[in-house]
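These notes are about the structure you will find just below.
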Amino acid sequence: MSAQAERKTENLPQWKQEEVDELSELLGEYESVGIVGLTGIPSKQLQDMRRDLHGTAELRVSRNTLQIRALEEAGYEDLVSHVEGHVGLIATNDNPFALYKELEASKTPAPINEGEVAPNDIVIPEGDTGVDPGPFVGELQGVGANARIEDGSIQVMEDSTVLEAGEEVSVDLANVLNELGIEPKEVGLDLRAVVAEGVLFDPEDLDIDVEAYRSDVETAAARARNLAINAEFPTESTVPTLVAKATGEAKSLGLQAAIEDEELMPDLVTKADAQLRALATQIDDEEALPEELQD
Amino acid sequence: MEYVYAALILNESGEEINEDNLTDVLDAAGVDVEESRVKALVAALEDVDIDEAVSEAAAAPAAAAGG
Amino acid sequence: MEYVYAALILNESGEEINEDNLTDVLDAAGVDVEESRVKALVAALEDVDIDEAVSEAAAAPAAAAGG
Amino acid sequence: MEYVYAALILNESGEEINEDNLTDVLDAAGVDVEESRVKALVAALEDVDIDEAVSEAAAAPAAAAGG
Amino acid sequence: MEYVYAALILNESGEEINEDNLTDVLDAAGVDVEESRVKALVAALEDVDIDEAVSEAAAAPAAAAGG
Amino acid sequence: MEYVYAALILNESGEEINEDNLTDVLDAAGVDVEESRVKALVAALEDVDIDEAVSEAAAAPAAAAGG
Amino acid sequence: MEYVYAALILNESGEEINEDNLTDVLDAAGVDVEESRVKALVAALEDVDIDEAVSEAAAAPAAAAGG
């Protein structure tokens, strides 16, 4: 505990100090500590999430001032700047990359309300809305969807972007989206930063590109294969290629040198024929050409 | 690529591709291991079918040149 | 191929590709190391420019083309 | 390739592809004939269907024409 | 085709591709030689680089493979 | 490739591809034989159908038209 | 093809490709050596750059793949 932290603690009421102590003690028990955004998560759902994390990670929510104090006491000063808005503390012994993946995967769609800012482009998809003809078609058109009445119901004729990311949701749009059951938000624990064994990771670090790793595996395997074959190191998986390569080399030599070998003869005959035809293309005079090659 | 090679050895030997094993292999090779790279690799490979990726690499040998 | 992967790790870490180092890496990966294969690999790699050999596509069966 | 060409001329003229005939053709062309190659050629062609080999080549005339 | 093969043999043996030589080769192969064709071939080949034409056949092996 | 060539000769002559035979062939060719490479080759070939590998290489016969 | 492989081994070991050496290699492989084929092979290879011919095999990989 730093001198500074000690000085601060003196100013806290006892119940707050107890909460800070408890939090900081908890943080000390894990290898990785992170900050998660909780915006838009109803408290019931938050309870479920906390339960689902059990065994993987510990999620605690407290007042931001107390969370900051606990982070400082536990030596996680790097995380303090991320404690902003509705956030909680998460602690785990899990691989932070795996934790990020898990949290992202657990995010669920949620409706968006009037006055909220769209986190991404909001699209009303092409198709039958299932709504009977009525004033709703006008409401759809009003928010910018290409809608009309067809076959006894209201149809959206094409994917229609009705709001761009960063723009505010209007009352009308919120109503339309609600009517259609469109849930444009992704709600869940939003990992903002993690310190794992002393190293700070932000979401960009944690968002691993699995495809890139897959491609690295392919590259690594291909390189090893190239090396094994080029260095003529036989393994079960490369020896067929080595054999084929040796065969090809012998064949190439045999054809180049026109070696009289039974196996090579069909190809040598084919080669001679190909050469003859190649030469024939250079001959302009029909009369000089064999009948087979005259036009 | 040394981290990926290490994972491929473990894959062939049948050992689990986890942080400890990767670190051991890389250590033995004199690599100055970065823990965060090991962690990221372990997490990423969880979603990669290594055997499939390897056999695809063999099927398209020319692609290897790109590596 | 685990022997080859081991050589590639050593190549990247800048360590010498010799029997001891290869054995250490493979041991660390839980491979039941065969001395003769290690020896054979070291011998095979002796005069090979690994960086070049690695990127040269070994599209061998092709060779049949017999230019 | 002169030995092969000689065999193909005989094939077209309908003469037997034997050592004497091959030697005659090659001699006439001023080739310094090696008896062993003539022998080997005759032996190697014994089980080869020349017309088939040729017609296979003809099936890819564009290629044969050398583009 | 036998006339062209005869020219190819002469090309390899380094003999001149003229009427006499072509006739000799074809005669030796038992071909009933037509003088006019021999003349036409000699004339037609005068400005042709045979080695180049022949090696172009080699340049398109891939296409041939398709055949 | 001399080790592989040696294995292919044995394959064609119908002799067993074992350490002794490979060593004999290579010795006769003046190769400074490395026992470990012979061992590795024999081990690698154990589960491989050589004829299949060879015939795969031969699967592009028309390509031969080249050269 | 065993005769050709024998020549390729000698080429790699740096030994001269002559009748004696070829016969030794083939003998060691249990091949029932035909003298005339050995002679023919030596004659056929006389003016050939073996390394170049071999490397052309590798140069046309696409072709084979197609085949």
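Every chain is named by a letter (A, B, C, D, E, F and G) in the order it is written, and numbering of its residues begins at 1.
In the analysis below, a residue touches a chain if its C-beta (ideal position, glycine included) is under 8 Å from a C-beta of that chain, and two chains touch if they have at least 3 such contacts.
All of these numbers come straight from a predicted model, not from anything done at the bench.
Chemist: Across the interfaces A-E and D-G, which one involves more C-beta pairs in contact?
Modeler: More C-beta contacts join the chains of A-E.
Chemist: Hey, which chain ends up farthest from chain E, C-alpha centres compared?
Modeler: A
Chemist: Measuring between Cα centroids, what's the chain most distant from chain D?
Modeler: Relative to chain D, the chain whose C-alpha centre sits farthest away is A.
Chemist: At what distance in angstrom does the C-alpha mean of chain B lie from that of chain A?
Modeler: Whole-Å distance between the two chain centres: 19.
Chemist: State, to the nearest whole Å, the distance from the C-alpha centre of chain B to the C-alpha centre of chain G.
Modeler: Here chain B and chain G have centroids separated by 41 Å.
Chemist: Could you please state the distance in Å, as a whole number, between where the Cα atoms of chain A are centred and where those of chain D are centred?
Modeler: 63
Chemist: Please compute the C-alpha centroid of chain A, do the same for chain C, then give the distance between them in whole Å.
Modeler: 33
Chemist: What residues in chain F touch two or more of the other chains?
Modeler: Where chain F meets two or more other chains at a single residue, that happens at 1, 5, 8, 40, 43, 53, 56-67.
Chemist: Could you pull out the residues of chain A that touch at least 2 other chains?
Modeler: Residue numbers touching two or more other chains: 220-221, 223-226, 232-233, 235, 237-238, 241-242, 244-252, 254-256, 258, 260-261, 263-264, 266-268, 270-275, 277-278, 280-281.
Chemist: Tell me, which parts of chain F touch chain C in their complex?
Modeler: It is residues 34-37, 39-40, 43, 53, 56-61, 63-64, 66-67 of chain F that touch chain C.
Chemist: Taking the complex as given, what residues does chain A use to touch chain F?
Modeler: Residues 232-236, 238-252, 255-256, 263-264, 266-268, 270-271, 273-274 of chain A touch chain F in their complex.
Chemist: Tell me, which parts of chain A touch chain C in their complex?
Modeler: It is residues 220-221, 223-233, 235, 237-238, 241-242, 244-245, 247-249, 251-252, 254-256, 267 of chain A that touch chain C.
Chemist: In the complex, go through chain B and note every residue touching chain C.
Modeler: Per the touch definition, chain B meets chain C at residues 1-2, 5-6, 8-10, 12-15, 21, 24-31, 61-65, 67.
Chemist: Inside the complex, what are the residues of chain E that reach chain A?
Modeler: Of all residues in chain E, those touching chain A are 1-5, 7-8, 36-37, 40-41, 43-45, 48, 50, 53-54, 56-57, 64.
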